[in-house]
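Scroll down for the structure; my scribbles are underneath it.
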């Protein structure tokens, strides 16, 4: 029996905070966490709540998470200052399967940049790297990577005006031979990316989000079709996505009630 | 090769514990496919309930502590799931809870009409303010709720008990006398509390939570042993089972089926087929059978 | 530098749990020398008793299970030990048990005359047929035994409680109302049972036994938390403490002193000085004091 | 925190039984137990009782215990046959400290040969080896060792008629320079050996016996003065023995009552 090591929250102090924009903050922690790009941690603000966040930066000595202020928890989280204490459980889940030597496209929407950033940093080969955001201000991690991303914004304030999917389609039709696409962002965007890939027979890996409790595949809060997002995911491959009937359609509320995705997100984001 | 259990045939003796995964038909089906004989749904309540804030589930190494807080869409708001379950090809145990005898009865009647194979009444949950546990520590209230529910359902009734009862054998007997068709034991132990000394506060948002996993196995085995002495109806033994040997131990204490919850964490979702296979291997290598070892730990007394 | 406790000064906050080593003056003295603030004697009963047959104590990895069965020479047959203890230079807590209020009273009166620093009444032992535990699960009987004993002794009275009580805070309050000077919590959890599947029988000769050690800490912390809410007298927090951090956790739950039993196995007989030093180091590194963290986990409520 | 591995009884089948005499049996088990000469195991006969026995034989694949039929348990134990199952916990306690290159004397009385046998087998140097028994029939392990013991029996049926202590004294006065004495046997004999050693300023190690429950230093059943026999012992050195006021004087009954040693042994042996 492989009982895992103790997984009580590890209490860490915020080592540094970077406000990426007025609604995005990156919190750095000093602790050598084992890590595969795409994995997440459960972040506990004592006395408040606990939510899952992807690891957006990782090196030998530490790691970071990048938070978009949306609701109660994330708004609180971006106010945390250097020296304040949070509890970290994890890392949990399966990350991206990284293929060196393959021709890779990375498609990020908004805060979906968070899990993709450490992935991009592992890549040596030439990469198609598409990043979308609401406006210029919300573009995450400019200047962080050795590849220059193709940008797009909803309002055209930076790069292409329009959707990441426009740029992906363009890439596919101009340059041939994309071997794999990695994507994270709003689920509807990821689903479009998946459909484009399916049409072109390109394997795709997406990182899903669901309400979570345990983070390790026991409580069932995060199930999506037959998959357990925290444990089997959060990254899923095309083969699984094809049979995942709740992908882009349904999600469970905190009560366990299955609702249509717009209802789930309006609950989440209200 | 199948296992009879109150008039149904199960593919083996493993049972998915309530509150573990069982949140939708799809995932119940997957658990069944991965070797589980009988899947139990997450407990269904009389009203929609979000459950507690996080943290709700924490791994402690020898087991876990949880205070999920009985989240439920409420029995009336699950039509889609019931519809999906109708076309299932596997047996389902529907767990329910309530805050009063009347509530238990109302939920049970509604759920019974949806055609689960069994109804399990959770009279043992420590993680909410008023639901469940009180019924499970008192012989009279246990009797009352079982007989009230029994009247309004037409599927077999399983009573799920708490180890917090002073005399769990006596409670089980009261349930049997009131018409229960089987006993499921145990729910989580405690409650317990884990305080984070840096934060200087309990880690669980609800402060207290029930203990499960390997560390509660001795309590679960003792409870099943006591219940086996007290009743003649079959027992689903549950609490800390992770391996075929744990399951054999539970069967020697008196269990007919073995429930598995926390071990999904420790051995994966296919823990059911692993445990079922390990049980079979053990029986084979010891040249014995379920029938011969069932309750065997009682022999010397 | 010393710690006041009901009118006495202790050298630190660690307490030797009853039933661990405390079988003679010599060994109590050694435990004291190895850093223990207050040593508790093995529970003393009304009659000579051999206790149960072996196996009586089994290590389970995350803790242990025991059914020693309250062996005791009987209070009347310990003259030599009392004589030796008279010349002691360390404080002693004498634990006693009985099968009835009258027995508790008889033993307590006799023991009190021998001049221990405290008398602890064990109304919580799960390992004998009739002794102790019943008093600890019922508010009225807890009250009766405490007030009866209180009348006949002239040293402070500590009531040792069982986690099996449905509402341990309520039991503690009953003890305080009846005149108890402190609460000690908890005794072992369960009981549990471990069946050996090759032998097909319970390993302990008494079949059932109490659980102790790391795996019961969450239950102990929750009990101390509940008791702290319910009473104003000091609490000896006990159950699963092995390290200074465990002790700090117990103090945040509300304990004034911390008892140590099973950890003698895991960290050696000098676990007392280790835990005391680790507590001091933690307080120092966090620039805080006992007073500041005592009951701190209750603040947010 | 160094939590030890699980110590539930390990269920083993009797691999072989040798009746050493009509009252002594050696039971062999196949299991690679870690071991230092002098350590003991708790032996559980399911449904009956559990008692401590020294390991009397040890190699890579297995070990054995040698039992003298005295009371209820040991009489039952010597009837166990090949294939029967017993539970083993341990090994427990501190064994002998073995000094190679020193001039060693080993003094065994009766079943006290059990812990000393594996010790003798580790010795390469010339050794004074004294073994006593009631009668010839009770001499344990003849022909097992490369050293020929000096024998003595109570009735003179084999070797010297008299006590092992006679032979020890003789050795000390004839051959000079015994560096260390190891002994096990009746406590009164061991005490005499200890006194002889003290008089000649020879360090001594003795292996004590007390009623035991846990075997690992928690329950207190086996305390002897300030020492915990199961944990600090069962082997003790001269320095500790000098301050051990219960050595050869007192022991605790099952109830915890301290009694004079003759009362303890008459309880045990009746």
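Each chain gets a letter, A, B, C and D, in the order it is written, and its residues are counted from 1.
Here is the rule we go by: a contact is a pair of C-beta atoms (placed from the backbone, for glycine too) under 8 Å apart; a residue touches a chain by one contact, two chains touch by 3 or more.
Values in this document were obtained by computation on a predicted structure and should not be read as measured data.
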Chain B to chain D, fewest steps along touching chains: 2
Cα-centroid distance, chain C relative to chain D, in whole angstrom: 35
Separation of chain A from chain D, taking each centre as the mean of its C-alpha atoms, in whole Å: 66
Chain centre separation in whole Å, for chain C relative to chain A (CA means): 51
Computed distance of Cα centres, chain C from chain B, in Å: 33
Contacts with two or more other chains, residues of chain D listed in rising order: 47
Where chain C touches two or more other chains at once, by residue number: 60-62, 194, 201, 214, 300
Contact graph of the chains (line, ring, star, complete, other): line
Pairs of chains in contact (touch as defined earlier), listed by label: A-B, B-C, C-D
Residue numbers on chain B that touch chain C, as the complex places them: 60-63, 65, 137, 164, 166, 189-195, 197, 200-202, 207-208, 211, 214-215, 217-219, 221-222, 225, 245, 248-249, 252-253, 282, 293, 296-297, 299-301
Interface residues, chain A side, partner chain B - complex: 1-9, 11, 42, 44, 46-47, 49-51, 85, 87, 89, 213-221, 223, 225-226, 228, 231, 245-246, 252-258
Touching residues (chain side chain B, partner chain A) in the complex: 19-24, 26-27, 29-30, 42, 48-51, 53-62, 64, 66, 68, 71-74, 77-78, 80-81, 194, 196, 198-199, 201, 203, 205, 214, 242-243, 261-262, 264-267, 269
